[in-house]
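The chains carry the letters A, B, C and D, assigned in the order they are written, with residues numbered from 1 in each.
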Amino acid sequence: MMTDYPPFGAGLWHFASYVDRYATDGYAAPVSTLEQIARAGEVGDLTYVDVPYPFTDGVTIEQVKAALTQNGLQAVGVTPEIYMRRFRKGAFTNPDAAVRAQAGAVLNEAADVVRALDARYLKVWPGQDGWDYPFQVDHHQQWTLAVSGMRDLALANPDIKIVIEYKPREPRQKMFWDSAAKTALGIKAMGVENVGVLLDFGHALFGGESPAAAAQLLIDHDLLWAMDVNDNLRGWDDDMVVGTVHPVEVFEFFYTLKVNNWQGVWQLDQFPFREDTVEAARLSIRFLKGIHRALEELDIAALREAQSNEDALGAQRLVQDVLFSCLRSES
Amino acid sequence: MMTDYPPFGAGLWHFASYVDRYATDGYAAPVSTLEQIARAGEVGDLTYVDVPYPFTDGVTIEQVKAALTQNGLQAVGVTPEIYMRRFRKGAFTNPDAAVRAQAGAVLNEAADVVRALDARYLKVWPGQDGWDYPFQVDHHQQWTLAVSGMRDLALANPDIKIVIEYKPREPRQKMFWDSAAKTALGIKAMGVENVGVLLDFGHALFGGESPAAAAQLLIDHDLLWAMDVNDNLRGWDDDMVVGTVHPVEVFEFFYTLKVNNWQGVWQLDQFPFREDTVEAARLSIRFLKGIHRALEELDIAALREAQSNEDALGAQRLVQDVLFSCLRSES
Amino acid sequence: MMTDYPPFGAGLWHFASYVDRYATDGYAAPVSTLEQIARAGEVGDLTYVDVPYPFTDGVTIEQVKAALTQNGLQAVGVTPEIYMRRFRKGAFTNPDAAVRAQAGAVLNEAADVVRALDARYLKVWPGQDGWDYPFQVDHHQQWTLAVSGMRDLALANPDIKIVIEYKPREPRQKMFWDSAAKTALGIKAMGVENVGVLLDFGHALFGGESPAAAAQLLIDHDLLWAMDVNDNLRGWDDDMVVGTVHPVEVFEFFYTLKVNNWQGVWQLDQFPFREDTVEAARLSIRFLKGIHRALEELDIAALREAQSNEDALGAQRLVQDVLFSCLRSES
Amino acid sequence: MMTDYPPFGAGLWHFASYVDRYATDGYAAPVSTLEQIARAGEVGDLTYVDVPYPFTDGVTIEQVKAALTQNGLQAVGVTPEIYMRRFRKGAFTNPDAAVRAQAGAVLNEAADVVRALDARYLKVWPGQDGWDYPFQVDHHQQWTLAVSGMRDLALANPDIKIVIEYKPREPRQKMFWDSAAKTALGIKAMGVENVGVLLDFGHALFGGESPAAAAQLLIDHDLLWAMDVNDNLRGWDDDMVVGTVHPVEVFEFFYTLKVNNWQGVWQLDQFPFREDTVEAARLSIRFLKGIHRALEELDIAALREAQSNEDALGAQRLVQDVLFSCLRSES
């Protein structure tokens, strides 16, 4: 069987080290942007990376470009770090206008990096834009700031595509951009053409969405411009290796992309805190290739027929036939 | 202190008996529509009820009208029971066009009951419109059916207001109308003027929304046409007595209504499976009156000032001052 | 490959029809105990059934015995229905001593049915023994009643094995017997030898346990006497078809049983509300057979080596090799 | 009304600054152990602190003792930081025996600090002792290590009380010591007299326990030796300010302590990431004092009578009477 796999990608942070509120000395020694790129190159099947900005200390954009080229990688997106200390009460929605201006500056610098790296999009994840306590914010004002700030960014960078990555919560107890539907609603209110959505499989899953249904909703609004995958236990953004917990819903997610003829990068957003980061990517891609082969074998006409009757058992039988045999050539 | 309380209401089912998949003989003896109305009248503080349709066996609309009058009650809404056996795979989205037509017939009959009772709205809760298993449905097709069916209903009844009650799940594992944002998105796609939203506090809470934020979002889209309250443990639609678990968020919800000058019925949607149903309503209204008094005492200007700085502690201090003294005159 | 499958079983309710608080007319026409047995026989791979008691109206124990024989089935357990209306505030822990006595009578009658059917155990699931509201019960008193009542039952029936099926919640907001550890703690306090545990995979999963870890804990206390499987979305006891959502954790659960040399019936506890009940069982058993074959192919020595280093990726690679090829001969 | 408040305490980390995986530069500038003690002293109502060990760089035990005295504080416990990088795969259950020995060394040093500070207990929270992926660990082996390691620590320090703080998850996806019942089961297996439990209200809540029921279970086993409070949204260990979300269950928790005549420190375990840490403690204690007053006013005999009938509404009415008037003298 000839299989033409899609391009695979990963956030560069997949190859970094991590801290949390307990292991404040980090789960491993720090990894520079250039070392992260080198590790991404080691994986062997990666074509694209999403590049956080600013780079780690002292790294220049020329070095990043050279490292990408040397490792056979391209930038799919650039992610401005608008969730550090100074933005702890929000970037777009910070109560202090001066901090909002600082966020704007970082975002526009990141847009320049998109241009310099010839990336596909600026990825905006406003992780500190939300609230923690009942009564803490005026939801009308804050949502207005969230939407108008994004609109301003889009108008200031008409040559650049912007994707919003929504997430229900963390690091705030609640985030403003928290679901596919709310993000679509906000984008429609902007009246611009260069803002879309990056759907993170795990964010949808732990937010109680069906990732497949969320993808379909965004596709139906022409807003699904990027995606990434991982896995979790449905209660938190665990950013585990894709397929290790919820392979069936991963499969349904990619099925939805396929039947809509979605073209794009199959991207990883994982945090292998205690694992070898290169090996984590390899295991992920091995699984995604299996998913891709299973999709080629799936009897889609029969599945559609089952779906037209809400025949859950018939649909599952067809799905299990191919999903639970997709690694047979590997074993 | 003179307090002018809002009108209180309740779904008539609050005064019914219930079954579930275990106690199939019911938690109490059956209660007819007329008996439910009589019990609602006993509460003493209720002005409005939401009336399920069809009525229990043999009850006529004339009897219902008479019973309402006799008990000093008015119908705020009518709720068609489009979630019985024949609709188990959906009403608007049933795979069988004949069943969809049956649902349409029930809905239009219920619209006639709205007219006959001079109620404010037809409440549509399509509880069986959703799915249970991964791969069971084609989300594009189903969402299209869900939206277009509601639009047809609205166009066929231009003199009637329709409110959609969204809910994340139950009795299906997932429902199509599952959040404030998704419902707003669907209604905007209809291009009609007579469809709005009924926000159920508990549905928002167990769906991971902030009920206050969801209310504000709907108000900002002119779609919050009705609401009801209850409580739960955030994991399921427990339909417990309001305020028994999450009084702070109930208070924030009503605060949001007040500062937006929302006028409407403060309505109960509770299922007191093992409790005296009249007493459950009385305890609820006692608490809601306390909430109402606390809102009158709340220093809203100071709260707004705290919110303008995302000052969670300052906001909470103001809130606690009034919430935790709101029943002092009762004790 | 020669495969000697384990015996398969199912609760007879798998083949019944269901009601819930919305579809009060039931998801299908009622199915008598004898018809349920006939449907179980149709599945083709079932050897054991768990029999609810009382039987549906008019059915005698002789009829049940004959029907079981005729369909090639044996009773693995008997489940007394101590969760009907009269027990709505509890069976063992009902505040009314007269109701507790009624529950005792039903339980002892069910023990006689265990003897008559030569079943392996009396399965006790006290679904109404719990609470709904904060402050509703005195936890010391209620837990004492829960434990002492079970102890009395055990002492009154020393010739019978009793298994407690724990569950976090539903139909009560919280149940007393809610986890493997708490159930083990309660059983140890009884000081009897004939009480063990039935672990329901879905109950463990939606209660936040790892079903595999819960199984190991019970095995280490010699208390895992029975089990059943199904699937859910981790937030509720959805009783879906096993393997349709969480195949990896199902596999880990059966792996744990295998390495502990656990011998017993692989049993289904599913509620196919809207599905063909016979077909639901067949799809389940097809998957369980795949799991069984995968376990035979799994390189357990290599897996143990990976586990001895907490090597999550190495372990997953070995697991995926066999799990995602376990249906290859079927397709 | 004369009110004799209980002693209040807090973990010293309440007054620290925090990092997480996003704001890696920390939510505020670092705060040394001595500065933390000074801030604790500023609160005005604190008598006890729980002291993490090791202290921040360069701080000596003499300095800590002096600072405590100067600020009118005593150490209630000492918390060894056995969750830093080297323990990322576990302390007691680390696969590497050498790392387990390092953990043992830290724990024994911390026991010496308990002696030096004359604290009441060594608090052990083995946050990295758990697992992340299905199949990652052998649950039998790991639980054996978890229990035997704690037993060894207890035997090596017979003059010291040890309390285990259980938690369902974070930073591991699952922790071994994850519930009251499992912790009690493990402690009973140790056969020692100097190991008990610290119950964290928020851990119980987000683990799906009723904190009040968990407290009662531990009291009934003579194991509730310490506790701390906070609040969360039931899905994560948010460590929010106590009473801001779930005041009713906080009240039930303290009610349970009172009726069992539990004597001990009312302690805070909160992480005010974006808030003033001193003010967060003050708001917390203001609320706890309100709770304490409400408990004095509560008609306990009437409540017990309601509970003896599982009269949820009657119980709630009594509770609301005092809870929602407990701050009236403050406003």
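One rule holds for everything that comes next: contacts are C-beta pairs under 8 Å (C-beta built on N, C-alpha and C of every residue); 3 or more make two chains touch, one makes a residue touch a chain.
None of these values were measured; they are calculated from a predicted model.
Participant: Using direct touches as single steps, what is the fewest number of steps from chain A over to chain D?
Facilitator: Each step joins two touching chains, and the minimum needed here is 1.
Participant: State the pair with the higher C-beta contact count; candidates are A-C and C-D.
Facilitator: C-D
Participant: Please report how many Å separate the Cα centroid of chain A from that of chain C, as a whole number.
Facilitator: Computed from C-alpha means, the inter-chain centre distance equals 39 Å.
Participant: How big is the gap, in whole Å, between where the Cα atoms of chain C centre and where those of chain D centre?
Facilitator: 35
Participant: Which residues of chain C are in contact with two or more other chains?
Facilitator: If we look for residues of chain C contacting two or more partner chains, we find 89, 132-134, 233, 235, 241, 244-245, 248-249, 274, 310, 312, 316.
Participant: Can you name the residues of chain B that touch chain A in the complex?
Facilitator: It is residues 89-90, 95, 131-141, 143, 168, 174, 178-179, 181-182, 184-185, 188, 207-208, 210, 212-213, 216-217, 219-220, 248-249, 251-252, 255-256, 303-304, 307-312, 315-316, 318-319 of chain B that touch chain A.
Participant: What part of chain A is in contact with chain D in the complex they form?
Facilitator: Listed in rising order, the residues of chain A that touch chain D are 18-28, 83-85, 88-89, 127-128, 132-134, 169-171, 173, 233, 235-236, 238, 240-241, 244-245, 271, 273-274.
Participant: For a test of understanding, state which residues of chain A touch chain C in their complex under the given definition.
Facilitator: Result: residues 233-235, 241, 243-249, 274-276, 279-280, 283, 286-287, 290, 297, 310, 312-313, 316-317, 320-328, 330-331 of chain A touch chain C.
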